[in-house]
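Below: one structure, written as structure tokens.
The first chain written gets the first letter, and so on, giving A, B, C, D, E and F; residue counts start at 1 in each chain.
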Amino acid sequence: MRVVTFGEIMLRLSPPGSERLLQSPALSATFGGAEANVAVSLAHWGFESVYVSRVPPHALGDAAIRALRAEGVQTAAILRGGTRLGIYFAENGAGQRPSTVVYDRTYSAISEIEPGAIDWGQVLDGAAWFHVSGVTAALGAGPANAVAAALAVARGAGIRTSLDLNYRRKLWSESQAQATLRPVMKNVNVVFANEEDLQTSLGFHVGGIDVRTGRVDPAAYRDVISRVCELGPELVAITLRESISASDNGWTAVLGGTQLNEVLQGPRYDVRVVDRIGAGDAFAAGMIYALLTGREPLDAIRFAVAAGALKHTVPGDFNRVSVEEVDRLARGDGSGRVQR
Amino acid sequence: MRVVTFGEIMLRLSPPGSERLLQSPALSATFGGAEANVAVSLAHWGFESVYVSRVPPHALGDAAIRALRAEGVQTAAILRGGTRLGIYFAENGAGQRPSTVVYDRTYSAISEIEPGAIDWGQVLDGAAWFHVSGVTAALGAGPANAVAAALAVARGAGIRTSLDLNYRRKLWSESQAQATLRPVMKNVNVVFANEEDLQTSLGFHVGGIDVRTGRVDPAAYRDVISRVCELGPELVAITLRESISASDNGWTAVLGGTQLNEVLQGPRYDVRVVDRIGAGDAFAAGMIYALLTGREPLDAIRFAVAAGALKHTVPGDFNRVSVEEVDRLARGDGSGRVQR
Amino acid sequence: MRVVTFGEIMLRLSPPGSERLLQSPALSATFGGAEANVAVSLAHWGFESVYVSRVPPHALGDAAIRALRAEGVQTAAILRGGTRLGIYFAENGAGQRPSTVVYDRTYSAISEIEPGAIDWGQVLDGAAWFHVSGVTAALGAGPANAVAAALAVARGAGIRTSLDLNYRRKLWSESQAQATLRPVMKNVNVVFANEEDLQTSLGFHVGGIDVRTGRVDPAAYRDVISRVCELGPELVAITLRESISASDNGWTAVLGGTQLNEVLQGPRYDVRVVDRIGAGDAFAAGMIYALLTGREPLDAIRFAVAAGALKHTVPGDFNRVSVEEVDRLARGDGSGRVQR
Amino acid sequence: MRVVTFGEIMLRLSPPGSERLLQSPALSATFGGAEANVAVSLAHWGFESVYVSRVPPHALGDAAIRALRAEGVQTAAILRGGTRLGIYFAENGAGQRPSTVVYDRTYSAISEIEPGAIDWGQVLDGAAWFHVSGVTAALGAGPANAVAAALAVARGAGIRTSLDLNYRRKLWSESQAQATLRPVMKNVNVVFANEEDLQTSLGFHVGGIDVRTGRVDPAAYRDVISRVCELGPELVAITLRESISASDNGWTAVLGGTQLNEVLQGPRYDVRVVDRIGAGDAFAAGMIYALLTGREPLDAIRFAVAAGALKHTVPGDFNRVSVEEVDRLARGDGSGRVQR
Amino acid sequence: MRVVTFGEIMLRLSPPGSERLLQSPALSATFGGAEANVAVSLAHWGFESVYVSRVPPHALGDAAIRALRAEGVQTAAILRGGTRLGIYFAENGAGQRPSTVVYDRTYSAISEIEPGAIDWGQVLDGAAWFHVSGVTAALGAGPANAVAAALAVARGAGIRTSLDLNYRRKLWSESQAQATLRPVMKNVNVVFANEEDLQTSLGFHVGGIDVRTGRVDPAAYRDVISRVCELGPELVAITLRESISASDNGWTAVLGGTQLNEVLQGPRYDVRVVDRIGAGDAFAAGMIYALLTGREPLDAIRFAVAAGALKHTVPGDFNRVSVEEVDRLARGDGSGRVQR
Amino acid sequence: MRVVTFGEIMLRLSPPGSERLLQSPALSATFGGAEANVAVSLAHWGFESVYVSRVPPHALGDAAIRALRAEGVQTAAILRGGTRLGIYFAENGAGQRPSTVVYDRTYSAISEIEPGAIDWGQVLDGAAWFHVSGVTAALGAGPANAVAAALAVARGAGIRTSLDLNYRRKLWSESQAQATLRPVMKNVNVVFANEEDLQTSLGFHVGGIDVRTGRVDPAAYRDVISRVCELGPELVAITLRESISASDNGWTAVLGGTQLNEVLQGPRYDVRVVDRIGAGDAFAAGMIYALLTGREPLDAIRFAVAAGALKHTVPGDFNRVSVEEVDRLARGDGSGRVQR
């Protein structure tokens, strides 16, 4: 089954261990980006995973493509052009010190994409699913138009679609986000969000929730989910993160929508944070996997939450875990006993 | 005092930090193996520690011997022959992601050892203790015969013996383990086991224990310990591990046997897992140390549990801690305050 | 504003990650020392931070100065002479295994400083604050005399002064410490101490405190604080560390003195220990910063405790955090949420 | 254009820099193998490069495939089975100390391949070229039969074929090599060899050549080339290496055959050896590239020699250079001036 | 003595050892830039070295300043503003494979500098020398205007000036360079160039020189030097590099001008290239040092060539050598004997 | 056969690759020392190699012993005491930049050894050879006395002895060296020296030698060798190093003495310098090996020179090469061809 994602892949530069940025003259250099991360999970899990982007025709662009291909992602639809590959510097937090991100992605090849540069009819031909995130729409007018065009073409072709709201304060304002994302909602089947995204990207307030208590009341999400669905989507999956510290988080999610009688809650995990970047993408990939393989909604939210929980334990943006590993955790074995 | 151990030493290859295997093109390369780990602890603690094995006559075999010699282990009795040194790839888990081991040890030099290759009368001459584990017996007919022969010669010479059941599902079946290990029990003085080993390697069920609760009822072990002792041994030491996650474990142990009025329980530690491989071996070494130096049973189980707890904090198979460090913890100081 | 500190800067050599010293043939090589650490914090936070010491005129001394200059510390007052730069080997603990320090600082350049080598009148000219610690006084007669001289000159010039008792058992005895430090108290405005320092360095017993319970009764400190103030100081700031293990600590502090009606307590943090060396220095720097910038006492103790808490998350001696980061934590955000 | 290669891909483990094997507890972990190296070059240079092999269905096999995919090699035809991935330990020499290789490849998945396991008709369908080396034939009866079958099917389908003799003393004897390789020569179009291979693998002596002098007399190769061609091949390309030391080599090659009037010689390079493993494979890939793209014989030998020369400067088995880089060198610019 | 330089400092990212860019997921992260490199040398050698630039007000800008301060450079005149710090990816060549540079410096903070942003009268107050390079002028109109303004102010204030032509094909065309640089020559005292710069940046052809032969005829430079001097400068120093390969270079220079009777030639060194980036800057710094300290012209060219030769042996942009080390080489000891 | 050596083992700290000391915050940490290096070679080559020294009873001393034991050296005779382990910082040179050594070995445990601390009669019992170097005698009165005592006891017991003059300008003056070493010559059988040592340590001028030419005239050494032999020794082996640069050296040696009719010269190697520290020790070990195994003088000098040549290619002080590897080079194969 063919799944298509579209977005920006960036060079991710991080200092060693818990060091602050450039404390030592060394950086680990990997690649990531919201939709690329989803594409990698889906490739690992057996789909024909096609990633669409634009990267410059030099050694950094080559390396980005190499990183994707290594994970089994199809890269033939990636355009080569522009002069910059986006970079982000990610410093890993610990305890009371938060992780921080310094973006150096302005003027990147994808941000300067021209209208019509991608032939969505061809790219989406034969696809079962199309996924994109609000980050891509936030990169500029070109990418925002491409997101809208892709969703419209996909909807027209009967391809299921998903959008992760993925609000980034450093990229755009709430009003910009809402002005861009609300109109495309009509072509989205499944929405992914965290607690804040619904407010920032769609303007919907989730009342009476204190994620810090660790006790989530699914009923509290019923109202906001139905308001989202009024914009078009059928399913809304919301991840809930309890940030005890940069090292320890609680992690769960809820799933609701027009096709469900109630808001379903996934398991809650106390996660030891090795690297939390990409956990939301791992969750989205888990949900797409489960829905495309016909799992029941409750199984789907369990699988997606488990996939996201495991991502916290893997360095880098990509969620390097197998379906079997996710299922073992989703079925209840979080003991971490040695497999030997 | 001379102590002899017999088993397989392997090259251990692990990815950096919490990475998945070969996520980066780098592996740390150390050495380890159940009985080698015991030998290293005992050498560190002042014994004349003799390790018996068979390693190939090439650079990898040389390096294995160099690693043992560095820690003070006597290597003169190691045979050189065969073509392969066993390798195991050990990926460190974190949180809900378990550590995993990929064995590449088939056809190793020790697994192809011939009957009579080791002159046990000579090797054990003057020894105070002989230790071996079920892993060695699981490597094939040759090693299994050597284990049986060594235990018989030791018992005949009045040397105390210990066997760590150490069941490995990837090496043999439960029925194979029981058929091999039950007959040699008559020549074993002290048995080491974890909760599962008694079931898998000897076929004894430990009823009504839920190690996950963190509350251990020593009485529950009384019955199974006496059943083990009916096979020959005088003492049975059972480690109990509460796997909260791959990063956090509870760790304790019980000790019982024909010479003890009751089942003694050691302290329970909340261990932060740096590297849990070798903790059981560190525990066994701690018990052998305590028994050989004439400590009381309650002191012995405390020392052994503390030794095992400290092993969780040291990378690699070997337990690089001193008697003083173990005693400080066994006496109650687990505060981890800086020593300066 | 100009702040002057005086002490020993050492080469700090540490094994990788959680390894034991020289387990691998690699050491990280950074620099640190009680007063140097304070100087670095104050330079980061915008002061003209002048560090006074004596380092040898070779490549190691050059590197120490380079390390200080990189952080913005003024190094022009550092004397060049002697033959050795002090070294300390710091092994990072984990769980029940404590961190350990091996000092190799005897015969260091600073320890052999001659009387009158430093012209304190000139060095302190225009300074707003002078800070030193008991470690410096413990290095020998020369440094102890220099400490006394500096404090006297500063007091005479109306410069505020602080002394961190900083007792080190490996450097001197309690009676030596008391004989040296009690006489200089009359020239000290602010005293920094941990729970043990008051006993070891001044001979004052703090009764009825069990730091392990995590519940601190500020009232219990009222008596000892007033006894310290009888020696001269106006303010006494005491850090309180609950060592649950080498990996997890509780961390808070109290502040009292002749100008305060009550003993004020800072917030208590559950810190995940990345590197706890320098936390006390970060606390002292935080207090000096807050007092020099005119913050209220309660704000000051909150800022200082937060600065110390963050230091636990940064590898190396230096506290690489900004005023904004400390304030964010002091104002209550310890969630460690990603800043992106 | 589709090119198919068949062989064994191994995990390559090397110590850091110029260290001896396991001098430090660290190994770099990359992948390589004669035909895999050829496949990677051809993928880099724009061909549809299909690699056929058999790797075990575990994490090491996955990693081998990931490494190939990253470079653009098609891996869909790789069989999964067996238990071991071949390993080789490669220690980099320097000066008078030669590089050394310790093989640990017995019982590898590919060595145990069954007759008929690969459907060559399907695998070679649409291919323009098939390449294999003597190393693969040396792995055992199964691989040797597969080599013979593949060459026969390719020849039958009009696909051009090449064989790199690639004699390895540690794998088989000269008589074994000759008995296996001479019969398949009738189905080979292009033979690759070094000075020794013709003697060891085919039994043909090259008279009167002293490669050490640095002066190669192409005429001396005329005779042996025509004797090879009598076995079937049309072209014979022979690499000539002058080993001044492990750090400095001379490198050139000659090309002759039934279609050429004379023996053509490529340029001679003084190569500074960063990593000479894979230079012969880079040469073979260069020749295949040149022949498939219709270059003249003299251009072909120049391109192939330049490709091999550049390989000496790239760490790892794979030749990470572009057609443009090879052409720049082949056209005469070996100055190594910075490209900026 | 105060020396001022002006330019762009960049983050330099390089792969380990001889690897190709992003072959491994690791980059070394240092800082450099033509004038920053000169500033560092001059700070090491005892001058008050002031560096002027514009860097963004975030963690990368902070790190750039930290890197300069560590080496003793005065950074108070650096403006903070803009959003990007320039980056360059530098891959180290070997043998026939050239080093390559990928620039990612467009839109950097310095390139967007506004006219009048720097108060040159204030910055240059009290300076003895001002140095800049053509790279800075190539960054855009803003920087080019600042270069012209600075040279004019300096000349007006009687401060000696130098310009390193430093042509970069990836930054501008020859006609752009000439149009920008020829007019400012009237305010330049000393010009630095390599063989190509005179042609590309000034349009002057150096006839009859074959730098490859290793034999330089100083007379051949007499003519071009006098043509340069007609534009204003009094001294012209030309570095001559014989690129035998990326690993081995010949290195020398000539010095001529209106005040010299003949063209002076420095010594010629066979350099083993560890890192050749910054060699020209090291040469320029050497010449400035020698002229400011009143050395004779022949001594000056010897010192400058030796400084440049040593730079080839030091990783990173900065020339970490002392005056004593340069003088030892300039006086003739290039034996590299251990100093112990 | 038992061989005893006596000296100081130090912690050796080196920056990565060609970096300058503390350019990066990382040091490799190995161990070495003139006699320890000899002991390691002899242990590798099958002797019972006993090393005598004094190291402090802390973690650094433990690590030094662990390093020796790993290589097979007997460490039971090493005294534990004192407070410091000597340290030396060794920066690797390149090209025209020499390697440099910063010693931090004053006050080391061995330098403070008391008269009579070592029972030489017991230590040397059963030994075939005793070796020491001038470095040990240079450490102070205690070590100098121990050297004299050891040589006297050895000579009295008929044990063959050797002394490597090994002059170190940073440790003592020429007159001190001569006053200490000339008197012990009467108890030395074999003297090792380089070109300068004979002058500095014994006061003998070697006339008319220009080692730089690469042409050694053995006859020129005849006179100085006979003058050395008049002091007692029978054999004098002199290494000759042509320092072309820090990266490239010529390396050979001559051997003469009362038992030889002529001065024998070993082969001359162009060595590519990976690490030249310890080459002289490797040479001495090679000579001792050859003499103890009864090789002819010409074979002995060839073996010793080859051993020293290979040392240049191995990082660290220890010469990690086998007898087979030395013999292969001594027999003429310096081609560095891959062994596979």
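Quick note on the criterion: a contact is a pair of C-beta atoms (placed from the backbone, for glycine too) under 8 Å apart; a residue touches a chain by one contact, two chains touch by 3 or more.
All of these numbers come straight from a predicted model, not from anything done at the bench.
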Most distant chain from chain D by Cα centroid: C
Chain copies touching (chain C, chain E) - same or different residues, decided at half shared: same
Pair exhibiting more inter-chain C-beta contacts, C-D or B-C: B-C
Distance between chain centroids, defined by C-alpha means - chain A, chain C (Å): 44
Touching two or more other chains - residue numbers and ranges from chain A: 17, 20, 25-26, 66, 100
Contact footprint of chain A on chain F as seen in their complex: 24-26
Interfacial residue positions of chain E with respect to chain A in the complex: 13, 20-22, 25-30, 58-60, 63, 66, 83-85, 87, 89, 91, 100, 102, 104, 106-107
Chain B residues touching chain C - in the complex, by the definition given at the top: 17, 269-272, 274, 306, 309-310, 312-316, 320-321, 325, 329, 334-340
Chain F - residues contacting chain E, complex: 17-20, 23, 93-101, 103, 168-170, 243-248, 276-277
Contact set on chain F toward chain B in their complex: 66-67, 69-72
